[in-house]
Structure formats: C-alpha cells, structure tokens
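Following this line, the structures themselves.
Next come two complexes, and both contain subunit A; in the first it sits with subunit B, in the second with subunit C.
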Partner chain A sequence: MKFDLFVLPFTLGVIFLLGYLGYKYATWFRGLNKSDRSKVISGFFSVRLFRAVNEIIMESLLHRNIFRRNRLLGFMHMSLAFGWFLLIAIGNLESRVYEPTSMNLPYVPIFFKFFNANPDAFPLHRVFSFTMDLLLLLVLGGVALAFLKRFFSKAYGMKRTTRLMLGDRLALTTLWLIFPLRLLAESFTSAVYGGGDFLTGTFGSFLGSFLPAANLYYPAWWAYSLSLGVFFLALPFSRYMHIPTEVVLILSRHFGLAEHAERTPFTEVEINSCSRCGVCLDACQLSFAGGVQNIQSTYQLKSIRYNSIQPTESFGCNMCGRCDNVCPVGIDISGIRMITRNELNGKVPDVSFAEQSMPHAHKSDVIYFAGCMTHQTPSIKKAMVSLLETAGVNYWFMDEWGGLCCGRPMMLAGHKAQADIMIEKNRKLIIESGARILVTSCPICYKVFAKEYNLNIRVMHHTQYLLELAESHKIRPGHLAGNAVYHDPCELSRDIKVYEEPRKLLGKMVQVKSNEFEKDNALCCGNSLANLSADNDIRRKVTEDAYIKMNASGSQYLVTSCPMCKKAFEKVADVEVKDIAELVVRSMQKSRSPVKASGLKVAHPVEVIAG
Partner chain B sequence: MLDTSNRTEEIMKSVAIIGGGVAGMEAAARLSKCGHAVTIIERNEQLGGRLNQWHALFPARKPALPLLMSLKQGISDGVNVIINAHITGIEKNEDGFAIMLNKNRVVTANTLLLTTGFDIFEAERKEEYGYGIYDNVITSVDLEQVFRSGKPIQTAGGKTPKRIGFVHCVGSRDEKAGNLHCSKVCCVTAVKQAIEVKEMLPSSEVFLYYMDLRMFGRHFEELYKEAQFKHSIQFIRARLSEAFENPDGSLQIRIEDTLLAKPLKMSLDMLVLMVGIQPPKKAGNILDMLKLERDTDGFVLQEDQYVSPFKTKIPGLYCAGGVTGPKTIEETLTEARAVAAEISEYLGRRRINYAGQEQYVMEL
Partner chain C sequence: MINFGYKIQADRQVDYDAGNHRIFDFVRKSEPSIDWCMSCGTCASACTASASTEYSLCRLILNARRGMEDEILKSVYRCRFCGKCINACPRGVNTRNIVYLMQLAVTKISKHEI
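This part shows the complex of A and B:
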C-alpha cells in the first residue's frame, strides 16, 4: 500500500469535510416537512434528476450564468471549478490506469506524482502527463485571475467586491496556495526523478538548476497536503461552503422545493449557497446611487448565516428584486428577506381596526380597488373612475371610502400574521361581491392580490384592464403629440413581468421610446414602501439617478403605472410625469372621441348583500 | 429709460434694485432720501409684490392697502421705476453693474440690491391634498383674494360652507416636498384667516390642523388666545394624510391626531392649505446670472449671518427681504432700512476712493 505521513493532513481534512457535510445535509433533510421530504425522495427517481445534473454541470462547473454576465469573470470561475474538477477526475483515471488492481485510496490520485515519480514504463504516460499539466495550468490561470480580481475588479465587470471574513481569509489563502504548491511539489519531484510535461517538467528543471530540489520536494508535498487539509477544514465555515451546497440547492430546486413564509432547511441551503461573488452589489441602486453599502443581499445572507443580522440590514432595502434577477446561483433573495423581516419584526402592530373599517360587499362584475397610494394621488383615481364610467363597466369601487389596505405593506414590514388578518377580511368581501375581475391601480396591491389572496377571479393591474377595454373599443384612446418613456414599476417587473400590456396601450397614444433600463433591468423609483429605514436624501439620490438613466429628458412624458413611482419622479423630472390612466383620459379629451370622458362620478352599487 | 448721458456725478453713487416689493420699495425710498440715484427694476405691471395679494396683515389685522400706499409714496419723488422688465443679462464691471433689459434697455449702477423675494409652494405638489383636483380645496393665498374681493365665502357649488379646515405646513417642514425649513409666517396667518372666516361666518365650524404652533412674534400669542376663547376655533394637532371628494363636492379628510396617536376622518365643506414660502425659482435665472451661491435651504447665501447679512460674495451686491429666507413684513421693512444704510456707507467710501483721497466720509 502506498502511504506516507504527509498525506495525513489532506486525508483528515477530507474525512472531516465529508463527515460534516453528511451530517449537515442529513439534518437539513430531516428538518423538511413531510411533503417537501417526499418531493425530494420522488425527485431522485424521476427525470428531474437528469435536468438537475445538467444544471449542475452548466452552473456549478461551467458557470454559464456568470459567463453571460462577464467573460473574464466567467472564465475565472470556470477555470477554477471545472479545471479542478477535471484534475480530480482525470487524476483518478490516471491512477486507476496505472494501478488497476491494488487498493487505490483517495489520496493516491492527489499525490500521484509522489507515489509514481517517473512512470515512464506506462504506455499512456505522455498523454496523461500532458493533460494533467494543461489542467494545472488552467486552474493556476484561474487562481491568478482571482488574485488580480481583488485589485482590478472593474475588468471583471464588477465595480465592487465583497468584504472578507476571517474564515473566508483562511480558506481563500489556502485555496490560492493549493495549486501553486502542487506546481512546486510536482516540479521539484520531476527535477529529481524526471517525468513531468511542459509545465512541471520545464519548471522543475528550471528550479532544479539553482535550488536543491532533492531536499525541497518532500517538504513541498507536505505543504501541498497541508494547504488542502486546512482548506477542507475551513470550507464549511467560509463562503466556500457554497461549492458543495450549490449542488444540493440545484437538486432541491429541481425536486420542487421553494421558500415558504417561514424559515425551512431549504432557506439554509440557499443561504449556504451564496458564494459572495458580489454580482448583486453592482445591481443594487442603493449601493451605486444611494451610497448605502451595508444592506445588500450578499451581506444579508452572510449575516443570517452567522446569526448576526441587524434590523437595519433587513429593512433598509427597496425590495426591487434587481439582485434576484442577477444572482448567478438563483437564490430567492427577496423570499429570504421577507422571512427575515418576519423574524425581526419587533413590536406587533394592533390591527383591531380591521374589525371596524370594512365596507359592505356590493354585487358587481368588476371590482376596482384603488389602493392607499392611489388615494394619495387622486388624479389617478379620478382618471380611473372616469374611464370605468365611460366604458360603462358595472363595477364596485371597493375602497372608495376607505376600507382595508391590501396587506402588502404590513407583510413588507415583517408582520405576516397581521397582514393575513387583513387579507382574509378583504378576500371575503371580494368573493361576496361575485365579481369576475379585480382591477387595481397600485402594483403593490396587484402583487399581493395575485400572489397571496388565492382568488379564483382575474386579478388585473389597470394597465392590463385598460388595454382590454381599448381593444374591445369600450374606450378609445386617441393620439397625443410627442413620445414617452415608460417606467416599469418594480412590483410589475421582474417577478410578475407585466411588460407588454402597458407598452401596447401606451403605443396607441404616443410613440414609446425604449431604453436600456426597462423590463427586467428596470430601476426602482427610490420611493419604495419596502424600505423602512432609508431617509429622504437616500431616496432622492436613487430617484435622480434612475431618472437620468432612463433618459426621459427631451421626451414629452415619463409614463409609469404606480402612484409611488409617479410621486417620486415628479420631484425630479423636467418632463411631465403621468400615470398611464391619466394619459388615456387626456388622449380621449384631446381626440374629442365620441365617448366623452366624464368628470368624477360615483358608481352606485347594484345591491347590498352584506351586513 | 435711465438717461445717463449727463449725470456722471450720480452714476458714481447709483443703486439698482431688482424687485419692487416691500423690501425693494422701502430700501429705494431710504436710498433716494440719502441722495442716491435709485432705479427699481420690476418684472410685473405694478409695484408692491406679494403685498398686492394680501387683504389684511397679522397680527393687528391692519389692512394692507395703506401700507402699500405709504411705500409708493416713499418712492414717488426721484426714484426711477422700470416695470414689465425682463432681465436678459447682468454684467459686473469695475464701476459696478450693467443690467440688460428687454427692449434693449441697459441700467448701469454702482451697487445692486436684490429684493426678488420668495416663491409660494405649489400646492399641486401635495397631490394627496387635492389642490387643483377637488374644487373646494384652496390655498391661503386664494382665501386672501376672497377677502380682498369683498365677496362672501362660498364653496365651488355656491353654498355657504359650514365646516372649514386649515392645514398648516403645506410644503414647509416637509422633507418629502424638499423644504425642511419653517416658513415662519403661516401659523399666525392661519390664525388670522380663521378669525376672519369665523367673523364672516359666525355659525361655521373652523378647524386648524397644526404640526406645532409657532407664535413667536409680538401679539401673536394674543391672537391665538383670541381665536380659541373668543371665536371657538378648534386647534387639532394633526397631520393630514389625504382628502377625498364626496359626490356633492364636499370633502372627507383623513388625519392622524398626533396627540391621541389615532387616525381620524372628518368631513369638511372647504379645506384651506397654508402654503409655505420657498426659495425663489423664477428669480433663479437672476441668481444664476450673478452666480450667487445658495444656502442649504435654497435661499441666497449671506456673507455672514451676523456680521454682514446683506452682503454676498460679490462686492457691491446686496440682498434683503425674502430672497434670504422667510420673513414677516415687519422684519422685511427693518432689513430694507438697514441695507439702505449699508449701501449708503459703501457708496460714500467708494466716491472718496474715486477721488483718490485718504479719508473716509459717509454720505448719510
């Protein structure tokens, strides 16, 4: 049996790592609820496994998503991950070819050159030697790039890079040392015993020309083994935990696991899958425009992992979802943030008002729910009422004289239980009304109606509903001079993707100018309800930056479909800022279409059926 | 137009005043009495500025007209007035300033006094209050116009309002509106206007929704007491969230009573918004032409708040009145007199300097 004392650090490190991971993953699996557990078990015996394996290859090894973002960054990750993987895989193959019969312990392929210093006798020697040197060069290239990234992150498409913790520093240092030490060990060995190819052979004879290789090769193997051992020891406590855990995440996702309202083992898997690559930092408007550098997703996930999360970190985020959109690992960052907010929620608000302030349900075909923020921008409310009247819709203005909030602001503030009380109250009224369609002017309400209410009726944002009314000729938007830039509100973007309807409706009235910052790449207006700690100064910086980036100056209008966004941009814009509903009313007045836009009239309920 | 062809002596001690409101007129009168050649450059058809919009003045509720007449009287003799003036450019040269006006007119002066005043907060910007959207939401300036007109107070529908609310701090002390400062004069103006409404409509109910009541001036507190005890005006410490319009045009408002910490709803027939004072935007181009620095609140930066409050970084350029912050009329008049004295002093020194003599003589 091939053995030398120096293999111990590596071997012990591997045993520890595998034991730790086995224990950790088993604990997580046991912590899953029954239905999630059966999803995992059945997932292993289905076609989903193959899809998952495919994604593991594409993402964990090749890093396709990061490649798409920046080639250099992608190459760095790919050369480290895929190069190392191939070194292990081909190293194993190599050692099995040479020693097909004897007991082949895991460390043998790792230290192959030590145990088979000059295997010239084997027929495939040249091929393997060359391949292994090539792969080592690939990985060393990755290490060099990673090293340079600490100094020149801009070249990697990143303005910012994450701050390191102690565990990270240890793991990072040993990780960077592993491959240069392997190069040294193999080169010294080849200097003494011959062998080695273009890299280790050449480098070996170069080193041997002025260094006592015979005395140095053995310590080099020790150093190589030590660096591996320390790295494996530090890995579970550093960000490199993401390497094995991302595989678990991809599998779990393909087996149908997702975030719930509370923390589950899946949350732990997601948190541990963050590699802290820092891609989310550059996507964050609060970072690049607002000057806030402590709330970003990667920091939040880190703080949750080490149980040091502060309320400001969790609540100081606009929840625009831009980081969800760019995360190469696909972590449900906003989902986790909501869970954390619920855990940190502090003083529980009194929602007893929900008992008093409910209107009675009215029978109608359509419910119009303006939303609190629309009540704060009465021009939008007035426009919508006038359009619904003009179209002759049988509707009930549910929150005309108050009533309950949709519940989402309460959820965003971390009070899911209280939000649920409000949701249930509203839900009952909506069902009682017998309406087929629920229309809202507020994207915040729209999201919660669509995602949390479990309604069996159509939930529409007014951009969608007005387009339907226009296409069925119930309203006739006319032409307006000039062009407009459309701003996608966050709550209608990325997660829900209401992109085409507003543009189609707007296109009926004005020429729509597109820009780089739209749809999935849309910018938050800065006025987000989700941010419970940003002051006006920060908000304004985000607003101003977003306005400049959208390049609306010089257009006739900046059009949006969210009362909050409208209010934000009105403060900084040098063009007219309009909600799409207001623009429809204006276009109808201008074009003197036969259907006249009436003033504010109140629709009267057909029938009172409750209370 | 100013004829400067044969008045070389006067040119050496001439003053141009941009803005013919309270500060500009009072300063002009004083400077003129000191023997300086004074030119007032006014954008509007007539002099008087904001005073033209006002019916009666706090705290004594004296009518505004006699004050306006007296200010006009002060400049009736010897002050050159240019109305409907639009400034196209200002040049600074060794002798002072050359101010280019529309119709190819030029005013030259050794010193320049800026009394361009302030802007009123645009109430439309607080869209949730419904100004410009709901007919029965008006501003304090609109209400003063009603007082001036002598007509009865009526809702948009022509009815006599029974319940009238005044909202304080509309666009003042409001970070979201971009104005952190207190506009200073609106608290007492609201009290004054509420009393006037109550006197005109004794059977009405009048509510004031305030953040804090800042009754800092002489006799202000007495006026506030009078409003409570004599007129039963109700003061509610509250912030307005939003206004709704009822089908009949009356209003429903949602407020938070900040003493009870409870949200409340109230119905009103009329809502008056106490619009604040904010840094001048229309005068902005003049300030920009002169490259005048703004203070953090947006008003013109004084050279030193205590030592030289009327001076700017530019020698010979002075500021007074609303251009350097919200002020009462009383304060504005005091500033006008003080700046006139300071300009006279400056011009006096200047003339001696021209003559090349060593001693300094004040021309007061």
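This part shows the complex of A and C:
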C-alpha cells in the first residue's frame, strides 16, 4: 500500500467535507414537504435528470452564463472549475491505468507524482504527463487571473467586487495556494527523480539549478496536502460552499422545486449556492446610481446565511429584479427577499381592513381596476375610462370610489398574511361581478392579480387590453408626429415579460426608439414601492440616472405604462412623459381633429378630455 | 367645602412630557424626515386605508409625538403601504418608512428590546 504521513491533512479534509455535506444535504432533504420530496425522488428517474446534468456541466464546470457576461471573467471561472475537474478526472484515470490491480486509495491520484516519480515503464505516461501539465497550467492561469482580479476588477467587467469574510479569506488563500504548491511539489520531485513534462519538468530543472530540490520536495508535498486539507475544512463555512451546493440547486430546480411563501430547505440551498461573485452588485441601480452599498443581494444572502440580517438591509431594496436577471447561478433572490421580509416582521396582530365602506359587485363583462397609484395620476384614469367608453365595453370601474388595495404593496412590505385578507375580499368581488376580463392600469396590481389571486378570468394590463381593442378596431389610435422611448416598468418586465404588446400598440402611433436599457435590462424608475427606507434624495438620483441612460432627450415622448414610473420621470424629464393610455387618447383626438374643423360636433367621450 | 353647584373640570392640556416617547425616538433615529411633518393631514386624505377604516397617518405621528402607545397599537397595522401618502406629502416625508418603523418599534416593545 502506498502511504506517507503527508497525505493525512488532505484525506482528513476530504472525509470531513464529505461527512459534513452528506449530513447537511440529508437534513435539507428531510426538511422538504411531502410533495417536494416526491418531486425529487421521481426526478432522479426521469429525463429531467439528464437536462440537469447538462446544465451542471454547462454552468458549474464551463460557466457559460459568466462567459456571456465577460469573457475574461468566464475564462477565469472556467479554467479554475473545469481545469480542476479535469485534473482530478484525468489524474484518476492515469493512476488507474498505471496501477489497475494494486490497492489504489483516493489520495494516490492526487499525489501521483510523489508515489510514482518516474513511471517510465508505462508507455502512455508521456501523453498523461503532458496532459496533466497542460491542465495544471490552465488552472494556474485561472489562479493568476483571480489574483489579478482583486486589483483590476474593471478588466473583468466588474466595477465592484464583494467584501470578504474571515472564513472566505482562509478558504481563498488556501485555494490560491493549492495549485502553485502542486507545481512546486511536482517540479522539485522531477528535479530529483526526473520525469515531468514541459511545465513541471522544465520548471523543476530550473529550480533544481539553484535550490536543494532533494531537501525541498518532501516539505512541498506536505504544504500541498495541508493547503488542500485546510481548504476542504474551511469550504463549508465559506462562500465556496457554493461549489457543491450549486449542483444540488440545479438538480432540485430541474426536479421542479421553487421558492414558497415561507422558508424551505430549497431556500437554504439557494442561499448556500451564492458564490458572492458580485455580478449583482454592478446590476444594482441603488449601488451605481443611488450610492447605497449595503443592501445588495449578495450581502443580503450572506446575512441570511449567517443569521445577521438587519431590517434596513432587507427593506431598502427596490426589488426591481435586475439582480435576479444577471445572477449566473439563477438564484430567486426576490423570492428570498420576500420570505426574509415576512420573517423580519414576524406575526402581527390581526386587524380589519374594511370596517366601513366596501364597494358592491356590479355585473359586467370587464372589470377595470385603476389601482392606488393610478388614482394619483388622474389623467391615466380618465384616459382609460374614455377609451373604455369609446370602445363600448360593458365594464365596471371597481375602485372608482376607492376600495381595497390590491395587496401587493402589503406583500412587498412583508405582510403576506394581511395581504391575503385583502386579496380574499377583492377576489370575492371580482368573482361576483361575473366579468371575463380584469384590466388594470397599474403593473403592481397586475402582477399580484396574475400571480396571487388564482382567478379563472383573463388578467390584463391596460397595454395588453388596449392593443386588443385596437386590433379589433374598437378603438383606432391615430398617427402622432415624432418618436418615443418606451420605458419598461419593473413589474411588467423580467418576471412577467410584457414586452411586445406595449411596443406594438405604441408602434401604431409613433416611431419607437429602442435603447440598451429595455426589456430584461430595463431600469427601475427609482420610485419603487418595494423600497421602504430610501429617501427622496436616493430616489431622485436613481430616476435621473435612469432617465439619462434611456437617452430619451431628443425624442417627443417618454412613454411608460406605470403611474409610479410616470410620476418619477415627470420630475426629471425634459421631454413629455406619458402613459401609453394617454397617448392613445391623444392620437385619437389628433386623428379626429379634421371632423371638428368641419364644424360637426362629435359627442364622443374622447373629446371630453383635455391633454 | 362649599358646594357652588359646579366643579373644576379635569385638565385638558396635553402634557408632552407625560407620555413615553420611545416610539417616536426610535422612528426618528432611522427616519429623521418625521420631523418635517406639519400634521397637515394630506396623507390621511389621500389614504386608501383611511377610506375604509379608522386610520390616519397624521394622527399616528401626532400620537407618537405625544407618546400615546395604545393609540398607535390600535391602528398602526392598518396601513397598506400603497404609497399614496408619500406622493401626497407636501413636505417630502418618507411616510411608509415611518409606519414600518412604528410597527418595528411596537414589535420591539413587545419583546422588551426598547
């Protein structure tokens, strides 16, 4: 049996790591509810497993998502992960081919060169040692890039990198040491015993020319083993926990697991899968425009993981979802934030929400729900009412005289239970009315109607509904001079992706100018209801920055479809800011003006509105 | 004592020092804009919750200033965070955060943390 005392740190480290991971994952699996557990079990025997394995190779090893973001950053991650993986895989293969019969313990391939310093007798050894040297070079290149990234993060497409914790530092240092030490150990060995290829052989003879390699090679193997052992010991307590956990995350995601309203083991998996790469930092508008540096997702997930979460961190986020969009691991950050907000609030006393007046349901085909914010931008409300009248729709203006809120702001504030009370009350009204379609002018309402209400009717944002009315010629938007920039409200983009309808509708009236910051990359207007703590100063900074980035100056209109966004941009814009419904009304007035000029009086609701 | 047929009424003056101001102080520490509130009541007139329940942010802030914790507890959880008040406020007070912090203060008081 091949054995030397120096293999102990590595072996103990591996045993500890495997034991810890096994225990952790088993605990998580036991904590799943019944349906999730059966999803996982059945998932292992379905085609989903192959899809998951494919994604594991593409993401955990090749880091395709990071490559798409920045090639240098992608290469760094790929060379470390894929290089190390191949080093282990081919190292094992080499060792097994070399000694197929003898007792070959797991540590032998790792320290192959020590136990088989010069395997000349073996015909394939040149191929193997060349490959292994090449792979070592690849990984070393990755380490060098990672080292340089600490100083020149801009070259990697990252303006900011994450702050490190003590556990991270220990793990990071040992991780960076592993491969240089391996190079030293193998080089010294080849200097003494020969062997080694273009890298270890050459480097070895170079080192041997002025260093006492015979005395140094054994301590080098010790150091290599120690660094491996310490890294494995520190791994579960550092950010490198993401390496094994990401595999679990990809598997469970493919098996159909997702975030619930409360914390589940899946949440733990997601939290532990965050590598703190810091990609979310640069996506965060509060960071690059608002100057807020403590609420970003990676810090949030870290605080949750170490149970040190503060309310300010959690409630100071706009929940625009830009970080969800760029996260290379695909963590459902917004979902976790909602869970955290609810946890931070805890259980609150039950209160009634409708002591006095509640509207009564009216029989109708269509319900129009303006939403709280639309009531504060009356021009949008009036525009919608006039368009509904023009189209001759049998509608009920559900919250014409107030009424309950949709519930989403309450959910965003971490009061899911109370929101559910309001949702139930509204839901009853909606069902009683017998309507087939629910139209809302507020994207915040739209999202909650679509996702939380479980309605059996069509839920539409007014951009979608107006497009449908226009396509069935119930309303006829006319042409307007000039062009417009369309701003995607957060609640309609990324998660829900209402992209084409507003653009199509807008395209009937004006020329739509596209820009870099639209659709999935859309910017938050800064007025987000999800953010409780941001003051006016921060909000305004975000708004101004977003307005400049969208490059709307020079066009006729900045068009949006959210009353909140409209309100935000109106403060900073030097062009006209319009809701899409208002623009439809204007275009219809313009196209009707010849009729007016001829002296005919057209009594039409559209004419009533000024603006 | 001679009965004159009337008695002295109870003092109706608000004594600002009598109440416990810990809620106000707690809110003010994180959200200094509560100082800008001039109790105009615009927030309450815009409020969704005021329309259907006994709730007024304006009164909530007054009660916090006066240290009337029972009154705060009665209505602080009725807010729906819809954000109309923040748009309505002529002084730029971060109203929703004030409500949230009052809720947090109430929770902390129940846990004896403040």
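Rule of thumb we're sticking to: the second predicted complex is superposed on the first by the 583 of 611 C-alpha atoms of A that agree within 3 Å, B and C clash if a C-alpha of one lies under 4 Å from a C-alpha of the other, contacts with A are read in each partner's own complex, and residues count from 1 in each chain.
Please note the rule applied: a contact is a pair of C-beta atoms (placed from the backbone, for glycine too) under 8 Å apart; a residue touches a chain by one contact, two chains touch by 3 or more.
Predicted model only: the values in this text are computed from it and were never measured.
S.K.: Using the overlay on subunit A, decide if subunit B and subunit C clash or can fit next to each other.
M.R.: Here subunit B and subunit C cannot both sit on subunit A without a clash.
S.K.: Identify the partner contact of A:382: answer first if only subunit B is touched, second if only subunit C is, both if each is, neither if none is.
M.R.: Touch partner of A:382: subunit B, not subunit C.
S.K.: Pick one for A:422: touches subunit B only (first), subunit C only (second), both, or neither.
M.R.: Touch status of A:422: second partner only.
S.K.: Go through the superposed model and pick first if A:570 touches only subunit B, second if only subunit C, both, or neither.
M.R.: first
S.K.: Would you check which partner chain A:402 touches, where first means subunit B only, second means subunit C only, and both and neither mean what they say?
M.R.: A:402: touches subunit B and subunit C.
S.K.: Applying the document's definition of touch, where does A:345 land relative to subunit B and subunit C: first, second, both, or neither?
M.R.: Second partner only.
S.K.: After lining up the shared chain so the two structures overlap, which partner does A:223 touch, if you call subunit B first and subunit C second: first, second, both or neither?
M.R.: neither
S.K.: Quick check for you: in the superposed arrangement, does A:532 touch first (subunit B), second (subunit C), both or neither?
M.R.: second
S.K.: More residues of subunit A are touched by which chain, subunit B or subunit C?
M.R.: Between subunit B and subunit C, C touches the greater number of residues in subunit A.
S.K.: Of the candidate stretches 169-177, 187-195, 313-321 or 349-357, which in subunit B collides with subunit C after aligning the structures?
M.R.: Among 169-177, 187-195, 313-321 or 349-357, the clash with subunit C belongs to 169-177.
S.K.: Go through subunit A and flag every residue that touches subunit B in one model and subunit C in the other.
M.R.: 353, 375-376, 402, 535-536, 567
S.K.: What does subunit C use to touch subunit A in their complex?
M.R.: Contact set of subunit C toward subunit A: 30-31, 33, 46, 48-49, 51-54, 73, 75, 77-78, 80-84, 87-88, 92, 94, 96-97, 100, 103-104, 107.
S.K.: So in the complex, which bits of subunit A are touching subunit B?
M.R.: Residue list for subunit A touching subunit B: 353, 375-379, 382, 401-402, 535-536, 540, 567, 570-571, 600-602.
S.K.: Residues of subunit B touching subunit A in their complex?
M.R.: These residues of subunit B touch subunit A: 125, 127-128, 130, 133-134, 175-176, 178, 241-245, 247, 252, 254, 263, 265.
S.K.: Under the stated contact criterion, what part of subunit A meets subunit C in this complex?
M.R.: Of all residues in subunit A, those touching subunit C are 311-312, 315, 345-346, 348-349, 351-358, 372-373, 375-376, 402-405, 407, 409-410, 412-413, 415, 418, 422, 529, 532-536, 564, 567.
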